[in-house]
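Handing you this structure, nothing more for now.
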Amino acid sequence: MTRLLPLITAIAVLTLLLLPVVLPWSQFIITIAIAKGFAALGVALLLRGGLISIGHAMYFAIGAYVTAFMMKSDMLGDLALLLLGSTLVATLVGLIVGSFLVRFRAIFFAMLNLAVSMVLFALFSKLYGLTGGTDGMRVSVPAIFGNVLDKAAFDGVLYYVCIALLVIVGFLVRAYFKSPLGYGLKAIHTNEVRLEYLGVSAYSITLIAYTISAALAGLGGAMAALSIGHVLPEYAYWTESGHLVLTAVLGGIGGVAGPFIGSVFLEAVHTFAVDFAADAWNMILGATLLLVIFFVPRGLFGLFEGKPAKRASADEETGDTPNTAIEGGAK
Amino acid sequence: MLNSILPLLVDGLANAALIFFVAVGLTLVFSVLRILNVAHGSFYSIGAYGAASLGLWLVSVGANPWLSYPALLVSAALVAALFGPTIERLLVRWTYGKGEAIQILVTFGLFLILEDLQRMVFGVQSLYQDTPMTLLGVTMVGGVVYLNYQILLIVLALIVLIGLRLLIKRTRMGRLLAAVVADREVSEAMGINTDRIFMLAFSIGVFLAALGGALATPTTGVAPGLGAETMVLAFAVAAIGGLGQIEGAAIAAVIVATAKVLAVYFVPALDSVAPYLVMLAVLMVRPQGLFGVAETRRV
Amino acid sequence: MTGLKGNGAVAKPNKLLGNGRLGEKEWIMKRKIGQWAKTVLPAAALALTTSVAVAQDNPDTLNIGVFTFTSGPAAAYGMPGKQAAELMIERINADGGIGGLPIEAKFVDEAQGAEGVISEYRRMAEDPSNQVAVAALSSGNCLALAPLGEQLKMPTIAWNCDTHQLLLNDRLQYTYRPNGNTIPEFTAFVAYLLERNPDVKRVAIINPDYSFGHDAAEIVKTAFETFAPDVEIVAELFPKLGASTYQTEISRLSSARPDAIFSNLWGGDLENFVRQASPRGIFMQSQVILALGETVLQRVDLPEGVIVGMLGDGYWLSPDSQANADTVAFAEAYHKRYGEYPVFPAMKMANAFVVMKAAIEKAIDAKGGEWPTRDEIAAAMKGMEVDTMTGHVRIREDNDGIVDQVIGVTAKSDTYDFKVIADMVRYDGDVFMAPIDEEPVEWIRTLDSAFLKALPKPGSYK
């Protein structure tokens, strides 16, 4: 399995690179899928630590709104600056909010995230003068290192930037998973107290994870804002947070690729479903979620890996987490 | 002075009554089943749709308008009978003892399914059924005209609160419930059929949510999206009161409603922010809620 | 909010321009036919190839997209729009279509949220076989779609949204609004109110919480400051769009004791508000102004004397509408099919189709009978003047339409079992229109009470 991983990754990336050439309409939905995939990866990361957040769409929304605000100023409207700035702000907010929230576990953690995200949602909707209220804000086409492109050309560039970031960030997160910090996060899930007996601070491990997950969601939000060209308070609504968890679990939280697989899969199914089953889309989604939880607990990603390796090499980031990660937790 | 405070009070209580029914259902289900049911708000909107449809049908066949009152109760009971036992047995039971991530996800899946089910059955247009409200007339409180129906709601909420307390303290079924809440394993060892208790508790929860929806229809319109919105408010109330605390839910409902009413009167720009700000403020200080009991960390 | 709607440009054959593959196929076909014909039937072959060529250049249907709310609380307002579109399409098609082509419409539900609406619009505009978008109902959606219309070069008729921000700063080439904007619409109500109740001192506002509601509140406040500076705004509420209950807001309004309450709630929200406010005595206590009140007259029993309007002249029972045989026939056909007379969103939609038809026919004329491109259709709308089903519209250089404003109060009718509008006034379209390039809200301040005196009086439009 492990030796195949680079090969599979290479094939997947190559497919993504060529797809818009073959199917031009796929460019927009894949850009969105990758954007949401980043947010879902953030959620998946927390799920590895046994923490479920039903408020993580707020960081997606923060990323999107920061991009919209930066675009309003003349100086900051450059693609690289926007992505960087949005991610940075989301990271900072994640660090501050996280410093309060990561003391809590289980249902309390979930609820507090929900509470913060709903406050943010209500503020985005209510502060009409600042955020445009429920109308949201327009995001025009930014420059790319000073070069001004038209929307179509920009969308093309954005697509490849998203894929490049997918690869780079993907490898970084993978490295994080395999670092002591990553293992520490999993230990939070299995037995936090023992972790502290080892002299490891559970607080800092979860805070780091929380901040990274906020950063990922913020980056995704910035991409979505640039691609759609409009940001809305609904990005922070609790059902969107639910969708992120759904995407993560559907794709599988065992590896970096899972949430992206889940995201691309959902956007693709949605594109086809919208013509003949638009009124049943939520129903399809809900049923798929239940089926995945009941029958494919390791998500779509699990299907690619085959049976989890029981060997000593099971410490490879692929095989070991999935089954238990979302099932455990406080009894 | 009193005249200017009275309307605030009536508005606060009337709002609190409406949220209370659905929030207490959520909290009851949590206290017995230890499950946070994310689809709970959907039962509220299904109850509302059911009551509005039944009421409109009664009007269309020219029935006595006073029948619209029992119709509210009947539709809530029907929703509970239809959804309570089946969903508990087929879906929720499977998640007992699993992590809260699984429980939240399974009920979120259920929420998504129920949302579309409502669109399919009841359509996407708003429904109005205000017969019960028009029958009762109005009362002047502090210079503001209120519907007698709003005051009736406050009384009904109190009856439900006291009724639930009596049910738990005074009846055999209630004591069984309390036993299961206190210790499931021991209860089972003593020969209590916990499966049945769970199904019952879940169905009562569904009934309370549907009742809240049904009772709301005479003074509100019913449209898609009602379930999602109610869910998160009920959630805020249940969390503030402490998950599993019945009286806590009642007091929290009053707090949240008062915050909302104060905002509408004095800072209308923050009307929808107020309930969540209160939730956040309370949970930051007491994550287990105002009346919740802190759980110890497991080793 | 549901997830993102997909945005694939549908892989339909390109009807308007013919895409590469189709053209090549036809070319081969033509060549084959030609070779065969050379030896056997030259004349027939010539005829056949020409007909193929014509079929390639001209589309066989006029494909349009129509954006409106067909679900949720806003559907109470959006469905009449959709129904009117269906009826208009039927009537136009029965009459030979536009430029000989039948209209084929795809309807998009705006209730899916701006994100989904944007995706659907993109998908539509990226398919060159679609010629015109009739979009949108909500001001929020119009604001989001306008820049996209420019990017994707899609002629767009903003059939309902009235926010003055839409055409304020950008000179748009593709988006046209044949029905005026919020400035004349809401200034007119203040003028009417001050004429009818000159003693008004305390005013409350309850509007939906998005640009439409906030803009209207600002315009109304500015108009009061200008025309009657001693008027005090005693409450300003913005319940969220689609709120199901207004009981607390009603208490607040009641306790503020206003002489007049202004509201531009609409759709199901308006119906909801009226149903909840009426038994609680709001209409007895204050003079209520429902800017979009015409839409609920047939559904809810409003008391007499409520000031209502229709944001323009789209009242099917106005003297001008009743003098137009086509409008009367449309209203009867609409009533027969949908069990309700066409409320003003229906008339706005019908008028949007009148404008679209006129624009395409103008473009065909300009091209000597050939089918126009999307650019040519858009250009045809510049500066156009059209007689609509309820009056007249002139499209200014900034693409904004100038239409008259009709306002009146509710009254019992001898003919109908619902309230109608009486004591009407018809303000000339351009009196309240800010000049192009002037900040419109500031422009209101340049008016004075002498300006009010010169206006026609309530009851003058008979």
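Note that the chains are named A, B and C in the order they appear, and that numbering of residues resets to 1 at the start of each chain.
Rule of thumb we're sticking to: contacts are C-beta pairs under 8 Å (C-beta built on N, C-alpha and C of every residue); 3 or more make two chains touch, one makes a residue touch a chain.
None of the values given here were measured: they were computed from a predicted structure.
Student: Quickly list, by label, the chains bordering both chain A and chain C.
Tutor: Touches both chain A and chain C: B.
Student: Given the two chain pairs A-B and B-C, which is bridged by the higher number of C-beta pairs in contact?
Tutor: Greater number of contacting C-beta pairs: A-B.
Student: How big is the gap, in whole Å, between where the Cα atoms of chain B centre and where those of chain C centre?
Tutor: 40
Student: If you average the CA atoms of chain A and of chain B, how far apart do the two points sit, in angstrom?
Tutor: So the centre of chain A lies 32 Å away from the centre of chain B.
Student: Could you list the positions in chain C whose residues touch two or more of the other chains?
Tutor: 238, 240
Student: Which residues belonging to chain B are in contact with no fewer than two other chains?
Tutor: 119, 269, 271-272, in rising order.
Student: If a residue has to touch 2 or more other chains to count, which residues of chain A qualify?
Tutor: Within chain A, residues 125-126, 237, 239, 281-282, 285 contact more than one other chain.
Student: Using the touch definition up top, name the residues of chain B that touch chain C in the complex.
Tutor: Those residues of chain B that touch chain C are 4, 7, 10-11, 14-15, 18, 119, 124-126, 128, 130, 133-134, 138, 142-147, 150, 216, 219-226, 260-261, 264-265, 268-269, 271-272.
Student: Mind listing the chain C positions that touch chain B in their complex?
Tutor: 70-73, 75-76, 79, 111, 235-240, 242, 244-245, 247-249, 251-252, 254-255, 268, 271-272, 275-276, 279-281
Student: Spell out the residues on chain C that touch chain A in their complex, using ranges where they run on.
Tutor: Residues in contact with chain A: 1-11, 113-115, 118-119, 122-123, 126, 139-140, 143-144, 147-148, 151, 209-211, 214, 238, 240-241.
Student: Any idea which chain A residues touch chain C in the complex?
Tutor: So the residues of chain A touching chain C come out as 23-26, 28-29, 32, 36, 125-126, 128, 132-136, 138, 140, 150-152, 228-230, 232, 234, 237, 239-240, 243, 266-268, 270-272, 274, 281-282, 285.
Student: Using the touch rule from the top, collect the residues of chain A that touch chain B in their complex.
Tutor: Listed in rising order, the residues are 47, 50, 52, 54, 100, 104-108, 110-112, 114-116, 118-119, 122-123, 125-127, 191-193, 237-239, 242, 245-246, 249, 279-283, 285-287, 289-290, 293-294, 326-331.
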